[in-house]
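Next come two complexes built around chain A: one with chain B, the other with chain C.
Take a look at the complex of A and B:
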């Protein structure tokens, strides 16, 4: 199978996933009690005004009819119109997209930057102090809740030490780098341990394999063996771990955006859930699903490159 | 690690580079335009007259949704558009209703026709003069609005009686007109929105107020700039106001402490004492505009028994509720109306706590056949309700009523309350005007404030109060309304609370109206 086929097949997988996401989200959010028209019009609104708004928003139709309308609009590329903002859901997401993409990209960058060296450090001498320290750090990282870590970092690094801003997105590229460091680090700390553990285990496994013994017997340098042979073969499973965890990372942005007062897509979704702004909830969930799919797609692609056997399977 | 020269590597790197570049470009493009640096003087300025200039950075509860006053119902939108769009009357910090765009309002002898004289020389920020036609258009909009029409049902017609004179005709005598004109949502805008559609106006509002909308970056910030042609000479002092909505209560407080904003709306009660003791920060409070209740659903057989209602009234420890659940920010309530409203009856007091008597009453009721098990619905994630409900649970268990706490998300909670689909709930309300007609109307409109009890008495009393020109008699009628609710004990008053704002010390001249709305006209930075 060629590389193009591989990509094509992966892209085809996207369709049922997207369909499944629309189905689950639509029914879940519509089955929860709560009336968006009441939220929009307040306590003083008359029943007539509420009924009028239900009609205007199509909420007086049956749920299957509403779902079919929603799918029809989606196929035409229309994500729907927010009940609250009376603006297109797509536009509202795009307005808030930079914050969330920065958060995801920056976290992924920090994870790669920290997890790789830590795993190699731990695997370089299993059982040694450095290995134990890395493992302790990993367990601590896994155990700390993100929102708590966020509040602690804000209190000590932003408010008391005044090293970085307490909240917000910042101004300009360097402003974003500065302002988004703590939120991205908060997300990264929860995911780094998973990557470290997997990469460390793989490095140790590969280091024991026969071809490494052969390489040593051939007289290759230890440095060349580690980087060219061991790491290259240990990377594919770690890429999988990293891309699978992108799902958690994207989910983590919803909470961390709240903690750091970042008005991103996750925050848009939380307020939309509270206001029962169905089109926004549906659009954002779909958008998050697509991000996870796209990142996993890149992960598969990268893995196929790292491990040519996958291509032919 | 050496990079393989394999061509597939190049393809992937290229793809990833494009993705990363895209990410960075969107990121950079998303940055806000101008810097929102604090202007004005240094900290510690206590002078009430600010130095002209400076940018005030405000952290709101949540983002404004709609700046068209006739379509909005939410407080964050209201707090922004009221800086741009003025009303005929407004509520002052001392609770008095004072004229703004109106010069005077005179009723006919039978109170069926009011003649409102407009202030002369007022211009909209786009330079057009304020005319009677604009007021006719604006009042017509609020009277027919989906969110607020119930407060203006008495009005039958609004017409221009001259270039700066408007006549308001009513279906019945309406002595309380001026009170309801102070609602910030009854803003005065240009006729036909100055040529815009209602939707366009919602994002490009124009008014006669001290500030104009400079920009609205959705999801980020609303920037207001000084209206250079404002009719009150020398005001406002501030050059700009930048309104953001930090995503959570905690983030808002942290931004105030971190000097990223100069003032914040509604810090959580748990943080108020901490803010008060933080150097460089002070706390401003409005009069008590909010009231909280334990709502008993009268469709539940348990609460049909008056002994049970009396027992609950005797058992609930309001002192503990205010101290623990509201962190001492509020105070124990008396009348069901918040104390800021006109004709508030201070003689109504909650009873002295008497668990022994309450227990005996419940025991009698149980003998009469009631089932002393009840669920208490609260808003999930709300710290006040969470602690408050546990206090109530303990108080009621002490007298023999077993309470199950059911947290539910706030939208679902409101729907359940409107449908009467609950047993007990904790709910609060605030008033937008000091005229008590809004509270009384709300009580009736919400099925005896969600209790599903009878509205008949309240309707009769409010019907009389609405058409009564004699203030002493109006006071008497509102007193009767407050006594009625206190005696029925369907709505158990818990607490009153002010609106609270956290303010950096260098901000001077900032005031809250009696109903908790921010007044920025005299605000600025000290020397």
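Take a look at the complex of A and C:
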């Protein structure tokens, strides 16, 4: 099988997943108590006004009919119209997209940048002081709640030390790099320990392989053995861990965007849930699901590049 | 029976000597608590010579090879004796000397070609990087050498095979890639640790013939560890028999296999099926090899030996018995008389 086949087959997998996501989200959100018309019009609204709004938003139809309407619009590329903003859900998401994509990309970058060397450091001498230190920091990183770490970083790094901005998206590329550092770091801290742990274990396992003895028997430098032979073969499982956790991370952005006042897609989601703004909640959930799918897709592509055996399976 | 077989390399010229291992002792664990899987291995090899190291699993053959190559697994330490590989004292070698030892002095071939190759690297690159580790050559030159080596190993269309990954090759082809890697640094000595155990019978013969061909073509010493006496008989000039971490017999291959001077060698020969033997002719060796850590004051084989006498539990000495042969059996004359009477 060629690489193109591999990609094509992976793309076909996306369709049922997207369909499943729309189904689950639609039915779940209608299980949540709360009426968007009541929320929009207030507690004293007349039953006529509420009924009028229900009709206008299509909420007077049966749920299966609503679901079919929703799918029909989706196929035409229409994500729905916000009850609250009277704007198309697609436009609202696209407007806030850069913040969220920056957050995800920047976090993934920081995770790779920090977790790789830490794992190699810990694995270079298992049981030694450096290994134990890495482990202690990992446990601490796992235990710290993201929103709390965010508040602490804002307080000490941004407000007191004035090293980095406390909130906002910043202006221009360098502005984004500066402003998004703390939010991205906050997210990264929660995921780095998972990647470090898996990569450390995998590096130790691969270092015991016979082909590493072969590499040593060739007279290669220790550096080349570690990077080209050990690390290269230890990476695939950690790539999986990373891609799965970036999926969770997408959910994590909702809280972090609020803490840092970023106004991204996650922030839009929180507002929409409070307002029972069904079309937005559905659209954002679908969007998040797509991001997770895309990230996993790239993860799989990366796996296939790292491990030539996967391509042929 | 003919008078004497003119064994190859029976009278080696000193300057052709490549490897000398004397009274090698390897230990696992602490000096007090641990045990010694190798106690007194003695071995030598010359240029152009194929030496077989024979013995059961656990006799210390593989560890001895790893010690010679300076690649002892973690936890195993050199406790005594001397290893000299073409002028390098392995026990005291510096880091720079060890890198010279790895690949440039000694090429290593492993039992499992499946696991000996890096699964995520093209086979050609794995050969080329071994060449580049020792010779200051460009990438293109290293690639050219790797392709040439693949050709020598019997690969048709080596330019295209260069780009394959290990999982795309059969076991025999993989083992030939491992051999190419071992040769890429142009070593004087090739250590083969049961190189054909994982291969089919037909492939085995081709790989063995390849190794023997290399020994004479490049004038390098080849040591083949095997538990297969058939393999040893077919390709070796000299045979070293190991038991319980010790050398028990050594000599020209034809001599050792025809007229063993150690009961363990005889027992090994009796356990090999031949075309004419029936199941009754085959004899398993009674008892089992000593377990690692067992205290063995005398001859380690004595408890299983039909020739043993009380004195065999005393100190053992390796004695020369003519024709460049050595044995660790004090009753080798009794054994010789019996073997020639039957012969």
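The rule is simple: the second predicted complex is superposed on the first by the 311 of 313 C-alpha atoms of A that agree within 3 Å, B and C clash if a C-alpha of one lies under 4 Å from a C-alpha of the other, contacts with A are read in each partner's own complex, and residues count from 1 in each chain.
Simple rule for what comes next: a residue touches a chain if its C-beta (ideal position, glycine included) is under 8 Å from a C-beta of that chain, and two chains touch if they have at least 3 such contacts.
Note that the structure is predicted; figures quoted are calculated from it, not measured.
If you put the two complexes together on chain A, you find that chain B and chain C both fit without a clash.
By the touch criterion defined above, A:307 reaches chain C but does not reach chain B.
Applying the stated contact rule after C-alpha superposition, one finds that A:209 touches chain C and leaves chain B untouched. With the two structures brought together on chain A, the opening angle seen from the C-alpha centre of chain A toward chain B and chain C is 160°, to the nearest 10.
Comparing chain B with chain C, the partner in contact with more residues of chain A is B.
Of the two partner chains placed around the shared chain by superposition, chain B is the only one that A:42 touches, whereas chain C remains out of contact. By the touch criterion defined above, A:232 lies against chain B and chain C together after alignment on the C-alpha atoms of chain A. Of the two partner chains, chain C is the only one touched by A:218; chain B is not. Of the two partner chains, neither chain B nor chain C is touched by A:51. Remark: least CA distance from chain B to chain C after fitting both complexes onto chain A is 9 Å. Touching of chain A by both chain B and chain C, each in its own complex, is seen for residues 228, 232.
If you check the complex, the residues on chain C that touch chain A are 69, 71, 99-104, 106-108, 110, 112, 115-121, 129-130, 133-134, 165, 167, 178, 181-182, 184-185. Of all residues in chain A, those touching chain B in their complex are 3, 32-35, 38-46, 49, 52-53, 84-87, 92, 95-99, 101-102, 105, 151, 154-155, 158-159, 162, 165-173, 175-176, 227-228, 231-232, 257-264, 267-268, 270-271, 273-276, 298, 301-302, 305. Taken in their complex, chain B has these residues touching chain A: 1-2, 6, 8-9, 12, 15-16, 19-20, 23-24, 26-32, 35, 62-63, 65-66, 73-74, 146-151, 199, 202, 217-220, 244-248, 250-252, 254-255, 257-258, 260, 409-412, 414-416, 418, 429, 441-442, 445-446. On chain A, the positions that touch chain C within their shared complex are 209-211, 213-221, 224, 228-229, 232-233, 306-309, 312.
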